[in-house]
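Each chain gets a letter, A, B, C, D and E, in the order it is written, and its residues are counted from 1.
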Amino acid sequence: MSTTAELPVPPATPDPVAPLLEVRDLHTWFDTPRGMVRAVDGVSFTLRRGASIGIVGESGSGKTVLSRSIMNLLPRKAAVPASGEVLFEGRDLRPLSSKQMRSYWGPQMAMVFQDPMTSLNGVVKIGRQITESLRQHLDLSRQDADAEAVRLLTSVGIPAPERRLREYPHQLSGGMRQRVTIAIALACGPKLLMADEPTTALDVTVQAQILDLLARQQAERSMGMVLVTHDLGVVANRTDDIAVMYAGQIVEKASTKALFRTMRHPYTEALMRCIPRVENPSHTRLDAIPGRPPDLAALPSGCRFAPRCRYAQPECLTENPPLFSDEPGHEYRCFFPVGTAAGAEALERNERAGSTAAGTTMDLLTKASA
Amino acid sequence: MSAPDDAAVPVAPTRTGALVGADAERATPSGTAAAELQAGTQTGVTPLTPDPPAGRRKRGKGVVYWFCLGWLALVVLAAITANWLPIPDPNAIDIINKTAPPLSEGHLLGTDGLGRDILSRLAYGARVSLVISVAAVAVGIIVGGTLGMVVGYFRGRLETSVMAVIDVILAFPGLVLLLALVAFVGQSLLAITVVIGFLSIPVYTRVARAATLAVSQREYVLAAGLMGGKTTRILFREIMPNVILPVAAFGLIALGVVIVLEGSLAFLGLSVEAPAATWGSMIAEGKRHLDDAIHIALIPSVVMFLTVLSLNLVGDVLRSRFDVREANL
Amino acid sequence: MARLIGQKLLTLIPVLLAVSLLTYLLLNLLPGDPALLVLGPQSVSAESIAAVRAELGLDRPLPVRYLAWLGDALTGDLGQSYITRQEVTGAILDRLPVTLELMVVSLVLALALAIPLGVFSAYRAGSRFDKAVTGTTFGLLALPNFIFALLLIFFLSVRFDLFPATGWQPLSEGLGENLTSAFLPALALSVTNIAVFTRLLRTDMITTLQEDHVTLARSKGLPTWRILFRHALRPSSFSLLTVAGLQVGTLLSATVIVETIFALPGVGRLLFDAINSRDLLMVQGVVLVLAVSFVLVNFVVDLLYTFLDPRIRSGAARVRA
Amino acid sequence: MAGSGTAHLRDRDDIVLTVEDLVVEFPLGRGRKVHAVSGVSFDLAAGETLGLVGESGCGKSTTGKAIMQVPRPTSGSVRLRGRELTGLHGDDLRKTRPQMQMIFQDPISSLNPRRRVRDIVGEGLSIWNRDRDGAARSRVEELLSAVGLDPETAGGRRAHEFSGGQCQRICIARSLVLDPDVLICDEPVSALDVSVQAQILNLLEDMKARYGLTMLFIAHDLAVVKNISDRVAVMYLGKVCEVGPAESLYARPTHPYTNALLAAVPRPDPEAGSTSVPLEGDVPSPVDPPSGCRFRTRCPRAQERCAREEPLVRPVGEDHFVACHFPVHAADAPADAVAGVATMS
Amino acid sequence: ACGGSGGDDEEEAGGAATLATDNPEPTGEPQEGGSITVALEGESNGWLPGTSAAAAPGYNVLYSIYDPLIMQTAEGTYEPYLAESIEPNEDFTSWTMKLREGVTFHDGSPLTAEVIAQNLAILKEPTSNVAGALAEVTGATAVDPLTVRYDLAAPNAAFPALLTTTPGMPFSMENYNALGKDGANAEPVGTGPFVFEEWRRDDQLTVTANESYWGSDLGLGPYLDEITFRPIPDEDSRLQSLLSGDVDAFQTLRQSVIRQAQEEAADGGMALHTFLGNNAGNSIFNTLVPPLDDPRVRQALTHAVDQEQLIEVLGGTGISPPQTQFFSEESPYYSEAVAEAYPDYDPEKAEQLLQEYIDDPQRSDGLPVGSPIAIEYNCQPDPSLVELSQAYQAFWSNVGVDVSLNAVDQASHIQNAIGSPATDPPFKGDFTANCWRSGSQNDPYIVLRNEFGPVAKQPLNFTNYTSDVIDEQLQVLATTQDLETRKEAVEKIGLDLAENVPQLWTGATATLIGTRPELQNVSGWELPSGAEGIGTGLFTGGTALWGQTWLADAE
């Protein structure tokens, strides 16, 4: 079948000045019996061509929904038609139908999922899974597509690629499978790669391999990459920028270096402190964050982190902080940022009172929960 | 289950001091905290569930679901109270008034080929149809379910041999068994129920076995063993509660199947002995009058349809609630 | 593979033995004497009954009869009918094509309708189309097939004269003739299955459509039909396959009704008549053949699994559980 | 690496659990089998926490379960306070259950969704009929409070009403209800978020102190293991490669595999720089593991000898043992160094 | 019936039945050619006389392939058909039959006296299902090549009647010897108007015109080229098959289908050939089983039932009249006196009789005085019979009898009625009350002897009822051909039966052959002598001589 017939809207000619991806005040809500789940609630960021951004956050903070919203891959029925724009090379993707999106998926933007076992089709041979998008979008003949697939598998470091093409996913190890999904994503040479927790299901050593592979490919092909993960350590030296998500919002965003140097949001700080480090001696008490993230269907007014925050002040409970910025590119949602005078003062006040404005005892927050 | 949702407008409830007491994770008795606990669990645990209709289906189905439950309740009620209802004797033959159309005097739904009141026969027929289906399903569940559970838990040679027996039952034409049994003991309600129940054992064995296989791999079963729990205790305390629901949800749907099956038996003259009314035999008797009095077959068919539909829809909803896949029947 | 098949076939033998023994016992314990029926009321007398019993071999003890029957059955000889005096093997072979074709056509019809219905109602789950399909399938589930069969005859043959109302045209009369005569009965036979298959496929398909590999396929920019039929259908069809295999057993009972109404010379009717006339050897033979077919069909289903799911083929699924 | 031997077993009075030469194999049919655990030995002294790390599928869980005798190990010995468990059957084995308990990776699937928390936690007491004068109820309440749940409200609920972290707390409470001597934790925090992980790790430390537990802590995250363990054992494909006190093992990883694992730990520090890709390839199949040293197929230091000869565990420091012909920090040591000669002092 | 041809009703009076007089007369001259499909209720297990257990539908096939030696006329007398003549000796213990010259079987072998004698030997084998009927025939001797003498053990004035059905259908011995019994059963060779072509069991049986039929010159057909007989068991789909044009004729015994067919025929799409003969539905009582061994109970049960309503249940109102005896009003043996004596619908009388029994200290069931009567009623699970049983149950319950209904499959039903030779008396039967069917066009002697012959020797005496009156009168019937004497004898038997009611009547059964209007002469066929035949009443009804039918517009 000819593919051209199925591409009613060829991608508009890229706007050379527009960034590769610009997300503006994106909201994705789900109308559920429990109430309106505000999975993504006003997210904005920009990704330059060839650059990479890491999106970090706890489970349920909306990372997957965000990445799928950007890809326009969410089932339309579930999500409430939401506000915001996702500008891909200057063109808003949100209003596009999935038929129209088809010309973007593959050649323009592609995605790698968390679990390589479930994201590959277990009953279809590796070869066909790679070549079908090649044949769909690039109109290659079967032989050409196969040759291209071999090239792709080689580039992601799979030995004996010809043989692998004829195998099924279950015949490959987890790491190889994830490499295959990366090869599939890279097949049509996308300008943007979304990787949603691509290593969570993998072993530590394999995880390092895959992350390196992604970083290398991204640099080689100068693709934009959005790397989603729940582990700050994973993105620490593999992305240009980092955005920390909490309860559907980006609470802090900065270049990777800046973020680790001067973190401003108490959540980022807390997250950092609760990660056990190899450098620390055994039996080091960890600074756990007490409590749990709020229910996205019943968000508190005010700062969403306030109930768990050491710095919380009365105004944190009433007003959701807007994005502040004290150096270019470093934004955070906090009235009393860490490492600032306001922050120090707030902390001191709370310590004196023994509890935060949200009513949480300081003891608990500093000493971590038991 | 279909809680009205008026929180669709994003208005966040004002809430101060949400974290009360010493421990944030502690379940506080306060209502909001309890709700939060529950909801929070879902955000924390539920993997991304992009089942598009999941949310809506439940709400959309609300009306239909209640209608179905209502209909089932009506049928059960009619069956139970048939004796006291102001309806004619279901077996009172009035040949002069046979094949009277619905809304005839004294016969709301008309009369059948012997002039018996259809409404009354429906009510009394519900009894037999329900008894057969409930009892047959119960036999299937109790025998088949237990077998499947035991076999799924112990595996090994026991499993191989039991499943071979199940294959024998499956491969044996049910009709032969039914005819044979009917010839032996007559068309008693008991005999027919037992045979249908017996023939459905394989299905429940499979459902229960599949569920048990899944459940026994759960670590809580292992944990109970590691506590020092005895096998019977594990089977009945840990496994059964988790197996019974999928099996029962399946049984609910099977009720409908049995009701229809009884109709086919009636066609072959193998159902409960006359004059006891069953829905199936009413339809089978009505087949003779399809050309001149179609309502005789039509009315019980519609009643059967509504009942089967209701059972299936309710079963579906229950099943989705217990999240058991229809697979591996 | 050959070894696997061999092993599997071996395990079937006890099942078949059990089925045949069960039938034999059951039928021989039934009240009634075939001799009486052979003779008819006019000619019965103690002597004539004894003569007939001797002729039919009914005077030998039960175990002897069973073993003799079993021995012959192994050579393909299922004996001679008491009532119709036919060779049982021949009688069954005459009827089997009809019933087999009926079942195959009905399964094909059911699948041909259920697959697109199931796939699209899963794809559009919750939509009006889905609701309509749900309603219809439940309606079909609740409709006794003898009523459905008569309605089909009434509308499609008497009213519109599209298909013959009754009767069978063997394949020797031409494929077209044959299929027109098979269509209505097969359709009547497939009502329940259309419904069951559609429901089953819909449920599994909804689950599959939620899986990441479908999203991945979407994110490759593949057209919807391709995703539905090339990617999602196969992994969703396992329970469908199992149930279709098991339905073969149920279908056999249903063919009795359909073959009676459409006056088809099939095995179902043969069985029913044989039971009703106490034609023990005929029943025994038919049951055995049915059991063998059932077991074989499910054996093929097992093989199909391995075809559909490469994981089963290599047995690798278990190592990396 | 990936060698056998029992040189690292200690001869002390306070050893609670000794695992010696544990082998677990799962038949695959047609004579093939999964060599899940192949000759693992270690011991646990009273009040000690031993961390067990290794990649997915290397046999950590199988080891843990084999100690619990589910399934019974193919060979080897498991001694609990000197009592051999592998030979015990039926009621004898059942009677040892209260002394040893296990916590699993997936907290949700470890809790029966149909039962109430109170019953789940109290199950052990009811099995062993320790419910005299409501003793059970107060014990359950004590434990629930100890793990940070409000017994009043939490007791009557079912598992699905709790978050993953809370479920893990319930599991911990359940495992402690019978006052076990040894607690085996099989990746109890792997399924949890970093923030909750910290809560649980802290809780385990507290519980250990409070109830005087001896723990075997299984995980694949080296940082987590280091945080909680006194000693650490590294496993690869069914064998132990390195055992030693946490500090020394992390400071001076001797086995190439330990080294690689440590390098792969993601460091939340952009300055640390991306560590070089430590290992090539994937873990071989446990169905037919490599000859000699099982790690040799991925080992940057592998020599021809590694394919021939299986390395035995030998000391490389105080209480620090390694099974490798060519250890990293012991390059100066003769490859065939006689066991028992401490080369690292 | 509305669509009848009308006309000479009066002249036909005294014919078989009122309904038959409405049957369409053939129009025009017979035409050759064309083939038809005939839908039958069922088929037989084979086609060799003595081996095949044919019922009404099967006789449609048998009469096409075989010729009966003797045939019944519309007047109820017996005349030669294939035979040329048949004469008894004085005491009716020996019958001499002359065969036609030049008759050959389909396989070319000639029909000779020798063949008849050999046939008889086969028919009298113990395993033959007509052995019982032929028990009194001691042998057949070929006197000369075309003359056969039958010797009987006892006088039988009605012997020729026996030869109208399978005992009188000559079959080719050549074929029999070549194929054996089972082979000849599956591939029959007779002398009939049609030659057996192919038989697919349960599907269809095809016969083609016999080009060298002996009867062609006598105007006995065959006109059609080919007939396909198809068994269609389901009553509804059999009718639908005719309506949809799949078949050209169908046959039914079910009253409600006849009524349905009448409605369809009103639109002119169908010609109806109905026949109302002696065939009737009834219930038989086992007079050896208490409480039915007491005539009061049997009378009461009969008084309790309103036949009109039973007929209505069966859908036969206006089609089938009530029945009071073995012979319908049109039969010469019908007796007004018996009709008077037969218990009428009188529930009070019934209750009174029952009360007498209940209060009788000597009551036969041995139960204490005052305890109610309980009986079991067995019937086949056919839908219309199920309704009928329920109607019986309702009537009997009305007068206080506790009735339980058993649906029994056909095989068991017959077996239960026959019983086993091991009981005392033999063939006592294993039932209390059965739904049943009695009465045929056969000679009264044969019919009544079968039904009420000596219990010990006659398994066909299902009711086990005998009486001196009957024994005596049967003797009379066996030894005279004089119609008046025979009528008297039949009447006496009828009165005895009406008083003792070993069986009660459900109502007459009309039978129908419905055809495409073009099909001619389905019920108007003739005998070689030119005498009018019994029409579709052949055998027990629903049977036609297809050899004499033709298609009006055959191309």
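Note that a residue touches a chain if its C-beta (ideal position, glycine included) is under 8 Å from a C-beta of that chain, and two chains touch if they have at least 3 such contacts.
Nothing here was measured: the structure is a model prediction, and the numbers come from that model.
Engineer: Going only through chains that touch each other, how many steps at minimum separate subunit A from subunit C?
Structural biologist: 1
Engineer: In terms of C-beta pairs in contact, which of B-D and B-E ranks higher?
Structural biologist: The comparison resolves to B-D.
Engineer: Would you identify the chain whose Cα-based centre sits farthest away from the centre of subunit B?
Structural biologist: Chain E.
Engineer: Taking each chain's centre as the mean of its C-alpha atoms, give the chain farthest from subunit D.
Structural biologist: E
Engineer: Quick check: how many Å separate the C-alpha centres of subunit C and subunit D?
Structural biologist: Chain centres of subunit C and subunit D, defined by C-alpha means, are spaced 54 Å apart.
Engineer: How big is the gap, in whole Å, between where the Cα atoms of subunit C centre and where those of subunit E centre?
Structural biologist: Using C-alpha averages as centres, the distance is 39 Å.
Engineer: If you average the CA atoms of subunit A and of subunit E, how many Å lie between those two points?
Structural biologist: Inter-chain centre distance comes to 89 Å.
Engineer: Out of subunit B, which residues touch more than one other chain, so two or more?
Structural biologist: 23, 25, 40, 44, 50-53, 56, 179, 183, 268, 284, 287, 290
Engineer: Listing for subunit D: what residues touch at least two other chains?
Structural biologist: 148, 163, 165, 193, 199
Engineer: Which residues does subunit A have that touch at least 2 chains other than itself?
Structural biologist: 59, 68, 77, 290, 292, 369-370 - these are the residues of subunit A that touch more than one other chain.
Engineer: Please give the residue numbers of subunit D that touch subunit B in the complex, ascending.
Structural biologist: 65, 68, 70, 94-95, 97-98, 100-102, 104, 106, 108-115, 120, 123-124, 127-128, 148-150, 152-154, 157, 160-166, 169, 171, 174, 178, 193, 199
Engineer: Quick check on the complex: what are the subunit B residues that touch subunit C?
Structural biologist: Within the complex, subunit B touches subunit C at residues 49-53, 56-57, 60, 164-165, 167-168, 170-177, 179-180, 183-184, 256-257, 260, 263-264, 267-268, 280, 283-284, 287, 290, 297, 301, 304-309, 312-313, 325-329.
Engineer: Can you check the complex and tell me which residues of subunit B touch subunit E?
Structural biologist: 91-93, 95-96, 98, 113-114, 179, 183, 186-187, 268-270, 273-275, 284-285, 287-292
Engineer: In their shared complex, at which residues does subunit E touch subunit B?
Structural biologist: 235-236, 256, 260, 263, 309, 312-313, 380-384, 386-387, 389-391, 393-394, 404-407, 409, 412
Engineer: Inside the complex, what are the residues of subunit B that reach subunit D?
Structural biologist: Against subunit D, the touching part of subunit B is residues 23, 25-29, 34, 37-38, 40-41, 44-45, 218-220, 222-230, 233, 237-238, 241-242.
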